[in-house]
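Below are two complexes that have chain A in common, paired first with chain B and then with chain C.
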Partner chain A sequence: MTFLADVATLARKDLRLELRARDTLPAMLLFVVSTLVVFRFALPEGADDVAAHGLLWVALVFTALLGLARAWAPEREGGALEGLVLAPTDRSAIWLGKSAAVFIFLCALDAVALPAFALFFAPVSLSTVAGVLLANVGICAIGTLLAAMAAASRTRELILPLLFLPLAIPLVVGGVGAGVSAEPARFLAFLGLYDGVFAILCWASFEYVVSE
Partner chain B sequence: MSTSSLNRSGFGSPVPLLAVLASGLVGIALALVFFVAPEDADQGLSQKIFYFHVPIALTAYACFGWGAFKALLLLWRKEERYDLESYVAVHQGTIFGALTLATGSIWAKASWGHWWLWSENQLVLFLVLFLFYSAYFMLRFSIEEGPRRANISAVYALFGIALVPVSFLAIRLAENVIHPTVFTREGPQMTGTMFFTFCVAWVAISALAYALYRLELLGKRLDSNLRELREALSS
Partner chain C sequence: MISARALEKRYGRKRALRPLDLDVASGSFLVVTGANGSGKTTLLRLLAGLAAPSRGTLEVAVDRGRLGYLGHEALVYRELTALENLDLYGRLYRVPERRERIGMLLERFGLWEARGERASALSRGMLQRLALCRALLHDPDLLVLDEPFTALDVQGAALLDHQLAELRGTRTVVVSTHEPERVQRLASARLALT
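Moving on, here comes the complex of A and B:
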């Protein structure tokens, strides 16, 4: 039970920081709306909704990257990560707390991005929403861990997209498929499988990323 | 310097023997491919690249798997030498992965007239893996040398081995929605001689990869030993 309490405390700390400083989330929201407007002009006249659905996922993944690049910034700037690592709790709690906070950011992002998409392009189906939520789990699990790796490197923000995009390809496949395919269940199941596999891997390996 | 580290520095190492063995096997495989194996009824001469393309691809998988195995050993046993072994295996895997892309592309051009086909699942998978492992090197070389770098590299290498089946599944799924299957590779069944040639080529490429792996490892270890000696002398 203390593990979950630690996770909740850590996630709450991130949310409170964001509420007070408003560093990341407003930037993400503005970015996703701007991107959708750019896509409106990037799509040739007469392009169909399927193409727009593909672009929605490009916008979501890149906006998530924007947020992920800042995920560990408070810890890094305050030099707090060493302290967290030394805290008497399982180190995976740090990952889970951060992932939970990122998940909430991503849901807030979708609460703006999906209505904006429906307004500008095409109506959003229930399976798209389910796909987005499942993909959020994968993005926050993988992304938080990769962002911690990137934070340890010299090139930080530069390297995160390189690490993240190859791993995000299956998420895009699942998400786009859930939105446009006639049988979305297979794609949603695939997203669930992806989330499961990588969440377990991240959970097990996070402690090696932050400790020496 | 202890005997074991002397051995690992290359004195009495099996690398020259391995190199001779590998080049001999590759020679035999080449002879078999061009003089013994019958020409494919359907694709003609261009089918011969199959004897290199598929073994190279399998070898690349083996290298990535070996790298992930060594990464697991590193995280488990915390012995420094596994870091270098894992890195060298991933490096060889990336080289063979790039070769897979090149040979696959040539084969696609010869058979179907296109340098790149998104309907070729294996090739697309190799492209994803190639991007993934290229980022491995970017990551590794932007972190300061030490246990932290070893750990992070190892975790990333382990992710690679999970990415292979997941990506393959994703590419299979994507094919149904986005790209209809245009070509399938259901050629005629292999004859006995063809299969034998394929097996020899596979063994030859694997031996070559292993020889290269040992050679690179030897070079990297000599390098680090030399650096240590230099530091010891200068201090």
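Moving on, here comes the complex of A and C:
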């Protein structure tokens, strides 16, 4: 219970910081909407829904990357990450708290991106929504860990995409498949499995990311 | 409480701390002095568990939750207020009667009026006071203070003098400083790094 209480405390702190500074979520929302607008004009007339779904996932993944790049900025600025590392909490709670906050940001992003996609391209099915939510879990789990690794580097803006994008490919495959396939359950199961495996790996390895 | 044998720290080929033997008994007040680059900060970071030794052994017989550390940075969130920062750490350290303890520390270090100010809006000296509150919040058994008088004005330094005098003998304290005369009367042991 204390572990979950720590996770809730840390996630609440991130939400409070974002509500106060408003320097991540508004940028993500603007980016995803403007990207979808550009894609709307870039996609040729008569292009099918499959191509449109592909572009939706390009927009979602790159917008998520924008948010992840700033995920550990508050900890970097005042040395607060060392303060958290010194605290007697399980260090994986730091990762899970940050992941929970990023998940909420991504859900807020989807609440804008999916209606915009429906407006510009094609109706959004339930399986697409399920795929997006499952992919969010994977993006948070992996992205938060990789962003913490990249945060220690001076070239973090370069390192994070290099590390994150290859690992996000299965999420894109699963997400697009869930949206356009006649059998979305297969892709949703794949996303669930991917989330489970990588969440466990990230949970177990975060300790080593924040330890010297 | 602290035992180090041939403790050494290197960053790549650069040696940050020369091999060192150290024994600090519980309740001691150790003052660490030395020129810039002699390894004071490195030693204190090793004691706090923020860095790992490159060679030698180090045993610190205190749980992570019973250690208080003051570093060169305040280790607080710049966009949270002084009160919110202490509340966050109070929750993570599971400080009993958290609000009362936070209120007492804010009063003691002259921050009560500034409790609603964001850390980013505090002066360097006020930020150092907040960092001291954070380090003392959970009433640690081992207190590791790296240049604690930095940026403090006369009143702030006097408050810290008083706090350290209170802790002497009841807690283990390790202080690094360029002003050893300031804590001379409190010191039960001294370590000069070269």
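Note that the second predicted complex is superposed on the first by the 212 of 212 C-alpha atoms of A that agree within 3 Å, B and C clash if a C-alpha of one lies under 4 Å from a C-alpha of the other, contacts with A are read in each partner's own complex, and residues count from 1 in each chain.
Here, a residue touches a chain if its C-beta (ideal position, glycine included) is under 8 Å from a C-beta of that chain, and two chains touch if they have at least 3 such contacts.
Note that this is a predicted model, so its numbers are computed, not measured.
When the two complexes are overlaid on chain A, chain B and chain C sit side by side with no clash.
Shared-chain residue A:Pro88: touches chain C; no touch with chain B.
In the superposition on chain A, A:Ala135 contacts neither chain B nor chain C. In the superposition on chain A, no contact is made by A:Ala199 with either chain B or chain C. Of the two partner chains, chain B and chain C are each touched by A:Glu212. Within the superposed three-chain model, A:Ala80 lies in touch with chain C and out of touch with chain B [touch as defined at top].
Comparing chain C and chain B on the residues of chain A they touch gives the larger count to B. Legend: residue contacts after superposition of the two complexes on their common chain; A:Leu66 is shown touching neither chain B nor chain C. In the superposition on chain A, A:Asp6 contacts chain C only, with no contact to chain B.
Of the two partner chains placed around the shared chain by superposition, chain B is the only one that A:Arg154 touches, whereas chain C remains out of contact. In the superposed model, chain B and chain C sit 90 degrees apart as seen from the Cα centre of chain A, a figure rounded to the nearest 10.
Fitting both structures onto chain A leaves chain B and chain C with a minimum C-alpha separation of 6 Å.
Shared interface residues of chain A (contacting chain B in one complex, chain C in the other): 211-212. Every residue of chain A that touches chain C in the complex is listed here, in rising order: 2, 5-6, 9-10, 13, 16-17, 20-21, 74-75, 77-80, 82-89, 211-212. Listed in rising order, the residues of chain B touching chain A in the complex are 75, 128-129, 131-132, 134-135, 138-139, 142-144, 146-148, 151-152, 154-156, 158-159, 162-163, 166-167, 169-171, 173-174, 176-178. Every residue of chain C that touches chain A in the complex is listed here, in rising order: 48-52, 63-65, 67, 69, 71, 73-80, 84, 88-89, 91-94, 119, 134.
Partner chain B is touched in their complex by these residues of chain A: 145, 149-150, 152-155, 159, 162-163, 165-167, 169-170, 173-174, 176-177, 180-181, 186-187, 190, 193-194, 197-198, 201, 205, 208-209, 211-212.
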